[in-house]
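What follows is a set of structures to go through.
You will see two complexes here that share chain A, one where it goes with chain B and one where it goes with chain C.
On to the complex of A and B.
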């Protein structure tokens, strides 16, 4: 910590910088405020991060650094009889600022650092949006701060008295402005125990992402990014009723499969562009699951819900690009003739099903060739129609799409039966 | 890259561990994604054989499983003529990123020792294994001597 630094004190709607040093205490700030405002020291109260501060507390122990903003107001200050150890006050008496073994929160700083960074928890009043609120109870767990209304507080902004605190996070990676808030990542933690990453096997990664399974399987942040990207590209994210489009722990245990990442902000670790893709894929999967279709028009991909009339005629006009297409074959609308894909066979069947994923196809100039290669090398899953390539092994196929997983026979193109096993399991 | 870091560590660990049924394990020509090794089964009818195996890891490893092929022919119901083997642990549907290559090799040796005739890739061998065990043992021993002695 610099010896010469400034703390900003908000008092009576003005903000004044106060010079402090590494050994300054809260008492020094109170004295300074009382001097400049000509009031008694006993009438100055200081609030920081949802807590009232007391004289004996050193600023550095309270995580008050250069340019940190604290709030002061006039009121009777009562020093507690036994010194309070609020916050993460050093438990072993050593005054050395050895922070390497102190747990930290981690945040995703998208705008400035573009990375996972240590973060700091701050509290403000929902009513006046000022940090001049004292909480009545300390948060015990993540849900206390992520759910509104669990923790109450008393706001000391004049005329506010709002009882509702709001918790937010700031990034420690850069010097931020007042309203420079970042998203917390509750699953990312310090790796004090030298747990090895289940993916790259390194045991000195820090921080690590800990999955919510009973075994607390962990991955380093860069492996988690690769894991998410791989699962995203192969459409292996699954729909979870409360969390949405998400992943579970890839560990062995039966419990791992139901240990989902419930806070999807963690997927922001993939970076802005892939996070946008993630959101788009999630929306597409949701739409398909609800019986909608994606417009097969080049570079369109508009999501469309079918109305009763469409159910009859299979004719859809895309409101975005104006393409008239057939719901069954996803080709240009062909009139009243029976659609060639009713029987789900042959080349046409493949092309129909390809267009489930026709979004942004024009991005590739090899589009036509790709489509024809896919037609040649794949067969459609009999249930969802996704083109599937058989890269080896037996004839028993399982659709790799997370929302389908249909078990079928490569030869018959229908559901896998004991007959398939008896007659042509391996060709 | 996660694959390189991890495979270097895995290869080191396997060499250090010195599994008795594995010999000459190495990455090919400084390509850590391609391994070759020799399996020496401990139980008859394959215990006099040395079987060359290739392991090919995708760049997406360990999010995708490795592909394992026999370079030496083996008389086994679960390995086809091309050297492909149906090993559930590296099946895409069962694959877990936490599965280590050592476990894959353990599973492979277990399958060599105890064929699974109910999931065959060569049904005629499965039939022979189930119905005429002594004939199977004799054929497999001869086949091993002819193709895999070393």
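On to the complex of A and C.
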């Protein structure tokens, strides 16, 4: 901590800087406020991060640094009978170390740092959005912080008496007030125990993301980013009833596959552009699952729910780009003639599962060439028509599309049977 | 990797994308004492996709193709998990050699023999293990005699002008019946 620094004190709706140094205590701030405002020291109360501060506390122990804002207001200040530092019972040796250098929370700083950073927990009043609130007890676990109403408090802004406190986070990576773009990442933690990353096996990564599976499998942040990107690019995220479009622990214990990331803000680790793709994909998969279709028009991708008339004719007109297309083959509408799309044969001809995701021309300049390569190298899933490439192994295929997973034979192009197994398991 | 477990990998070049694995045939199996070389290809998306593994050493086993060395093992397909390692894969393959799963076969011919004539399967597997993987010879007198007969059968077909490998495959597939094997080779 610099010897020469300023703490901003908000008092009576004005903010004044107060010079402090590394050994300053809360008492120094109270004395300064009482002097400049001509009131008794005993009538100044200081609030920081949901707690009232007391005279003997050192600023550096309270995580008050250069340019930190604290709130002061007029009221009778009562020192606790037992000095606070004696109330705190240290339970293990590591507690003796400098607390302020060990971050407890990690956040995704989306706008300024664009990265996972240590965070600072702050508390403000829901009513006046000022930090001048004292909580009745400190949060003990993530649910105390993330669920509103668990922790109660009293707001000291004049005329507010706000109903309840709300927790928010600041990023330690930069100074300033941009906390609207800072989100907490409850699964990201300090790697005190030197747990190795489950994928790169590095035991020196800090922080580390811990999946909610019974084995507490952990992954370093950069491997988590690769994992998410890989699963996103192959549309392997799955729909979870409360969390939405998400992923589970990639471990191989029985419970890992049902241990889902429940707070989807963690996927922001992929970066802003990929997070937008993630949201887009999630919306598309949800719409498809609910029986809707995506307009196949170039640069369109409008989500459309089908009406009764469409059920009869298979004809849809996109309200966004005006394209007339066929619900079955996702090609331009072809009247009563049968679909010519070769992806649709057998059972798939009568299903509407073929998902034609919108083509963004700015990203895919060689769309026609891609389409012809896909036609040459893939076979359609007999159930949903999704083009599938076989890269080795046996003839038993399973559709990789999360909402299809049809088990089929590469040779017959129909459902996998024991006959396929006996006759042409490997060609 | 631990030598005691009987599994081992080494680099083929400096790319880390192509590796060569080696597993020892587990005891109490026809593969006992054999040395099996595996070709391992690491995809760019590893470890989120499984490595591609095939047997370079020829082997007679229901879950491994006697022709291509392709392997049918769930963890190399949909049951792969990013937390798995090459060590996990090699140990699983070793365990596959100990306990075949003939109902989920890669090689239908071997699987049928495994289910219909287990003794013949064991002897055929032993024959392949001795020829290709330098496995230890059998102890049991009956087995020794049976394997000597296998060698004689192969010699017989080779004298008719077939290659050693073709003769071995045909005989193995036809439970070492010479006539059936010849028919198979001519068809």
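Simple rule for what comes next: the second predicted complex is superposed on the first by the 384 of 427 C-alpha atoms of A that agree within 3 Å, B and C clash if a C-alpha of one lies under 4 Å from a C-alpha of the other, contacts with A are read in each partner's own complex, and residues count from 1 in each chain.
Please note the rule applied: a residue touches a chain if its C-beta (ideal position, glycine included) is under 8 Å from a C-beta of that chain, and two chains touch if they have at least 3 such contacts.
Treat the numbers as computed from the prediction; the structure is a model and nothing was measured.
Annotation for the three-chain superposition on chain A: chain B and chain C clash. By the touch criterion defined above, A:104 reaches neither chain B nor chain C. When the two complexes are overlaid on their common chain A, residue A:222 makes contact with chain B while staying clear of chain C.
Legend: residue contacts after superposition of the two complexes on their common chain; A:298 is shown touching neither chain B nor chain C. Of the two partner chains, chain C is the only one that A:423 touches; chain B does not reach it.
Within the superposed three-chain model, A:202 lies in touch with chain B and out of touch with chain C [touch as defined at top].
Looking at the shared chain after the overlay, A:65 reaches neither chain B nor chain C. Residues common to the contacts of chain A with chain B and with chain C across the two structures: 198-199, 201, 217, 226-227, 230-231, 250-252, 392-394, 398, 425-426. Of all the residues in chain A, the ones that touch chain C in their complex are 198-199, 201, 217, 226-227, 230-231, 250-252, 256, 391-394, 398, 421-423, 425-426. Contact residues of chain A toward chain B in the complex are 198-202, 217, 222-223, 226-227, 230-231, 250-252, 392-394, 398, 400, 425-426. Taken together, the chain C residues at the contact with chain A in this complex read 45, 47-49, 52, 65, 67-68, 70, 72, 75-79, 81-85, 105-108, 112. Contact residues on chain B toward chain A in their complex (touch as defined above): 2, 5-6, 9-10, 60, 62-64, 67, 80, 84, 86, 91-93, 96-99, 120-121, 123.
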